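The letters A, B, C and D name the chains in turn, as written, and every chain counts its residues from 1.
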Amino acid sequence: MKKAAIIGGTGYGAIELIRLLQLHKEIKVEKIISHSQHGEAIASIYPHLTDFIEEPMHELEIEKLQEEVDIVFFATPAGVAKEILPQFTNPNLQCIDLSGDLRLSSQTEYETWYGKDAATQQLLDKAVYGLSELYAEEIKQANLISNPGCFPTSALLGLAPALEHQIMSPQGISIDGKTGISGAGRTPTAKTHFSETNENVTPYKIGQHQHIPEIEEYLSDKAKTPITVAFTTHLIPMTRGLICTMYGQLAKKATTEEVIEIYQSYYENNPFVRIREAGVFPATKDVYASNFCDIGIHVDERSNQIIIAAAIDNLVKGAAGQAIQNANLMNGWEETMGLHTIPIYP
Amino acid sequence: MKKAAIIGGTGYGAIELIRLLQLHKEIKVEKIISHSQHGEAIASIYPHLTDFIEEPMHELEIEKLQEEVDIVFFATPAGVAKEILPQFTNPNLQCIDLSGDLRLSSQTEYETWYGKDAATQQLLDKAVYGLSELYAEEIKQANLISNPGCFPTSALLGLAPALEHQIMSPQGISIDGKTGISGAGRTPTAKTHFSETNENVTPYKIGQHQHIPEIEEYLSDKAKTPITVAFTTHLIPMTRGLICTMYGQLAKKATTEEVIEIYQSYYENNPFVRIREAGVFPATKDVYASNFCDIGIHVDERSNQIIIAAAIDNLVKGAAGQAIQNANLMNGWEETMGLHTIPIYP
Amino acid sequence: MKKAAIIGGTGYGAIELIRLLQLHKEIKVEKIISHSQHGEAIASIYPHLTDFIEEPMHELEIEKLQEEVDIVFFATPAGVAKEILPQFTNPNLQCIDLSGDLRLSSQTEYETWYGKDAATQQLLDKAVYGLSELYAEEIKQANLISNPGCFPTSALLGLAPALEHQIMSPQGISIDGKTGISGAGRTPTAKTHFSETNENVTPYKIGQHQHIPEIEEYLSDKAKTPITVAFTTHLIPMTRGLICTMYGQLAKKATTEEVIEIYQSYYENNPFVRIREAGVFPATKDVYASNFCDIGIHVDERSNQIIIAAAIDNLVKGAAGQAIQNANLMNGWEETMGLHTIPIYP
Amino acid sequence: MKKAAIIGGTGYGAIELIRLLQLHKEIKVEKIISHSQHGEAIASIYPHLTDFIEEPMHELEIEKLQEEVDIVFFATPAGVAKEILPQFTNPNLQCIDLSGDLRLSSQTEYETWYGKDAATQQLLDKAVYGLSELYAEEIKQANLISNPGCFPTSALLGLAPALEHQIMSPQGISIDGKTGISGAGRTPTAKTHFSETNENVTPYKIGQHQHIPEIEEYLSDKAKTPITVAFTTHLIPMTRGLICTMYGQLAKKATTEEVIEIYQSYYENNPFVRIREAGVFPATKDVYASNFCDIGIHVDERSNQIIIAAAIDNLVKGAAGQAIQNANLMNGWEETMGLHTIPIYP
């Protein structure tokens, strides 16, 4: 049984890691580390954890930590992981960063979109992009993973097969993202204030979201041609759930059924991707609190477009669940270990 | 003061007409007609109307009705208005149909998309499409109005200026529709069952929605070239509110500010259309319970696309409010009469 | 037409006053005053107000203000009105305070429950408690009104008749309050963070809510005997709406129908109170965005208790609407002026 | 490993049993039985189950079934279990009925409150009331369990210690129930229609709910004195979650801390009951999708009342979870088997 530490103990990413790892047979949460609230019991902040975790949260002690645990999950705000990671000297330590620090391979791109100093190029080069289904081989060899963003997870899983198989034209792709509000984290803001987000759909960061370069980098990689996309995001009055509805020009004649078959074959060894049959699209609730990505496909012959929707739980497949899936791959365990649970419904 | 009848008294369209007309200075609701519940007090079904309407609902008596009232609003299910309308013989009677019966000019298209028998060609030819801002002159001359669908109202107001001004290419347009659940009406179904629609985004009728031909017909008319679109609709866990986020290829170089200026000028005499400044997009709550259509625009230079979002209240500008706006136009009253109220916020 | 100022221009109370006063024939909003954001256009904060208010918000200038306007609404946080009010020297100025500053007649009680310095006794003595239905005569003579809290409005309207008519025993009363989250105002906090309040009922301030002494003071006044109550409050995942469900021992034998008759007679001249018939209870949505208080009554013979529920919109009858109702009473206008609108449904 | 059948395969109770039993080490779901949809794959109705259950649903064949499985869960509508149960002749078959058929020991009471024919007295006498914490010894000996209703589970766990320890007077108890809408099941009705239940609190069945006699029977049993209660229920705009806030007269002087200590001691061997410390009350989300019952207590000295709130997930501890907990007790397995999971948060 391997020991894990979670850094950033009071955010939603950490909470979800704790919940999921309770069911994992090979990972034990050894330490929860919180800069702002070390010394406190986590259940005093999150009463739903009462009776599950007795030990108070710890302060980060880098030297000690890397001897005590085997795996470190960073569920930290932007900019934290890139400062801490270079201080770990234990070469066997497995690190998975759920923040955006290491997702873009280019420092310039990072600084343009994030408005902060980038990690060193060395660190960026070392990190493997952890979209489990698309980069499994690289992940198995890595000990530093940059866990994907929630929107990129949905968009890339939804678009990669169509682009790789040249069903969709690389030009003119539009991605309409819709997310539950937990995606904005736990800090109360006007954008997450119940009275204003309830009974409301709020478009935000139109054309300016930091997930744009991430989607484009890995989509270009898979399509083997540079791709730019129009990407929008909308806050939806629900806590969890994320769906990207995606539109592109058909690059060659194909029926809905033919494209579905290509997708089924593309993902046939990927237990967390489920392709709907023709005429059926996934709802976000179909994957609630689970690690699944459910995909619906429609070839719109009239407009010569292909429409794809990919639904995930933003906190599971879009964050903590995929991080654990990556830990499973890195350690040669079954990919589904601790994660193959039925979504909560209704 | 003109007298109005509302046919279809127990649906949400009728209820909203009653609410809005209470504030109207020139229209009095004379009769509420309900086939299924005539004889009953409407407040026994809708307690929020207690003390407002004492008279019970009536059965439809065509001969009598056309002598008693000046205006008839059809808030009826598909297929009802087209049966009743030909039976009215009073040439001065003003009729506004909120259903889809008369929206498409082609019988064939209607039968393809609605799966029902179409109205007679004569009736279709007589009806004027009541998108108030785009067809004001025709509406002023009409006494039979086909009130637009909720999605087409948003999509057409959002796209018409860009297409008329040839900023957007007529090919490759995608429309991502998101609607509150009141758009599905008052009949309980699995799709409107709280436990399943709450905490959920549900795509539905992908590529098959009956609003597609309506959008295309009037968009083609405005663009003066045939247009097909990819159109999706998503149920959002909120009662009211509708937003279409729309994507198209830039047909010529233009900045966000330039396009906004074109839109402002296009709608400068339209008090219910409000164009947001650059960098700001409307949320559906900005127009809650009001007749406004708020529009945001972003030119996405990187992907060479233009992104437009148009938010309305599906029951007001998307139904009852626009019906009253049309009645105002038909009667030469101020266009905003009874409708120029501040949205409910929060 | 009288001129009004609203102090505290960016909170929900002010926004609702602005919305409601737009429909008022005798009051014009002359000035919106905001300490924190004067100089700004209110529509830049609240885009739903676009095109309605062009003038920027003002800083408070006490001398000037009392000459410029006839009525001042305080939609300010706790502690502000009691500082400003004594500085007004114009004896004809009508002031209505929506905060809790002047609601309790005892300084000691205020300091115990609010944990702040109380207003002067002189100011407290001058203020009339503005529960419109219960203190109409006093309000008509006043020029300083302390507008009631949202829970007390519901609880007092629901309980006063039963206690005055000695149907309910003054001992052992329990009040279970449930409120939409706009009651907590506009400042983002953990308690109002969408991700945590959605899909959740949160009891809060059990036995410690500052509305307890307010309920008890005026209930005791009406019952002519000292009353203490057990009072709880629950945050409900909705924006607007408030309902108190209240329980007390039957003090004498009576049927549901008999009690309903007493209530109907008690409120027969009060257009904003609607009593449901036996077997029917109001839902909060029945009064959405309106000034109504709808009341349901059930005599539970088995347990010898009487159960009463009173539903209001916390921002209208529980705040801004009642403030305007009081202004109507103070000025001898029709009590319903600007307020007699149909609730938003659905 | 024991084999289980679930009868009533398409309701929420069955779906939740399937989800929870997937994690159970000693129970395997062998057969899902649906009268209305046998032959169909359950994933065609509930896509979240895709890839989990391949076998189609079965028709009920009583003879065969009782040989094939060891445990039968009835997740059936009222009136079904009482017809089927007498037809089982295998004395070793363990049956757990989640419906209300067997909850009341008196046929007369059942017929009064349910308005249907009661089960035979023999069957009622045989059934053990399965409130796991309060009747564990009886459950361990039983092979027919009547699983409690959702409100009674919350109310009884919340009130039993106070009444057994004579802290609360048996007269004048009020129970204010609030439930998420999944409690109303999967059949779409006006009461569960999103547009009307959203942004709404709806009191229903005031003083007439069929859970009243159930609460009273077992509360009287525990208190050893006849108890009647005033009980109300409110639909809350959320899918899951239930909380009863309960009020009673203090029977003897006690502080909040003293009562909490009594509760902690009462439930010290019950892993699913968590007592909050003084000043803290549970929210329904603290137990989301879990089998916990979290309890908060406040002694309100001013009004001489004691206030208790008990939060559960209506579909887990209020239905499927408790059914499994009972199966664990009946089979001598660990009480928490398959159920000791962290609630979903946020």
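Quick note on the criterion: a contact is a pair of C-beta atoms (placed from the backbone, for glycine too) under 8 Å apart; a residue touches a chain by one contact, two chains touch by 3 or more.
For clarity, every value in this text was computed on a predicted model and none was experimentally measured.
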* Does C-D or A-C have the larger number of C-beta pairs in contact? -> C-D
* Structure fact -> Note, CA centroid farthest from chain D's centroid sits on chain B
* Structure fact -> Chain-centre distance (mean CA atoms) for chain B and chain C, in whole Å, is 36
* Would you kindly tell me how far, in whole Å, the mean C-alpha position of chain D lies from that of chain C? => 38
* Structure fact -> The distance between the C-alpha centres of chain A and chain C, rounded to whole Å, is 45
* Asked: What are the residue numbers in chain B that touch two or more other chains?
  -> 12, 180, 182, 186, 195, 198-199, 237-240, 282-283, 285, 288, 346
* chain C - residues contacting chain D, complex -> 172-174, 176, 178, 180, 195-196, 198-204, 206-207, 212, 228-230, 232, 234, 236-241, 243, 245, 247, 249, 281-285, 288, 296, 298, 300, 302-305, 307, 309, 311, 346
* In their shared complex, at which residues does chain A touch chain D? -> 12, 15, 18-19, 22-23, 46-52, 182, 186, 198-199, 239-240, 271, 274, 276, 280, 282-283, 285-290, 294, 341-346
* Asked: What part of chain A is in contact with chain C in the complex they form?
  -> 12, 180-182, 184, 186, 188-190, 192-195, 197-199, 237-239
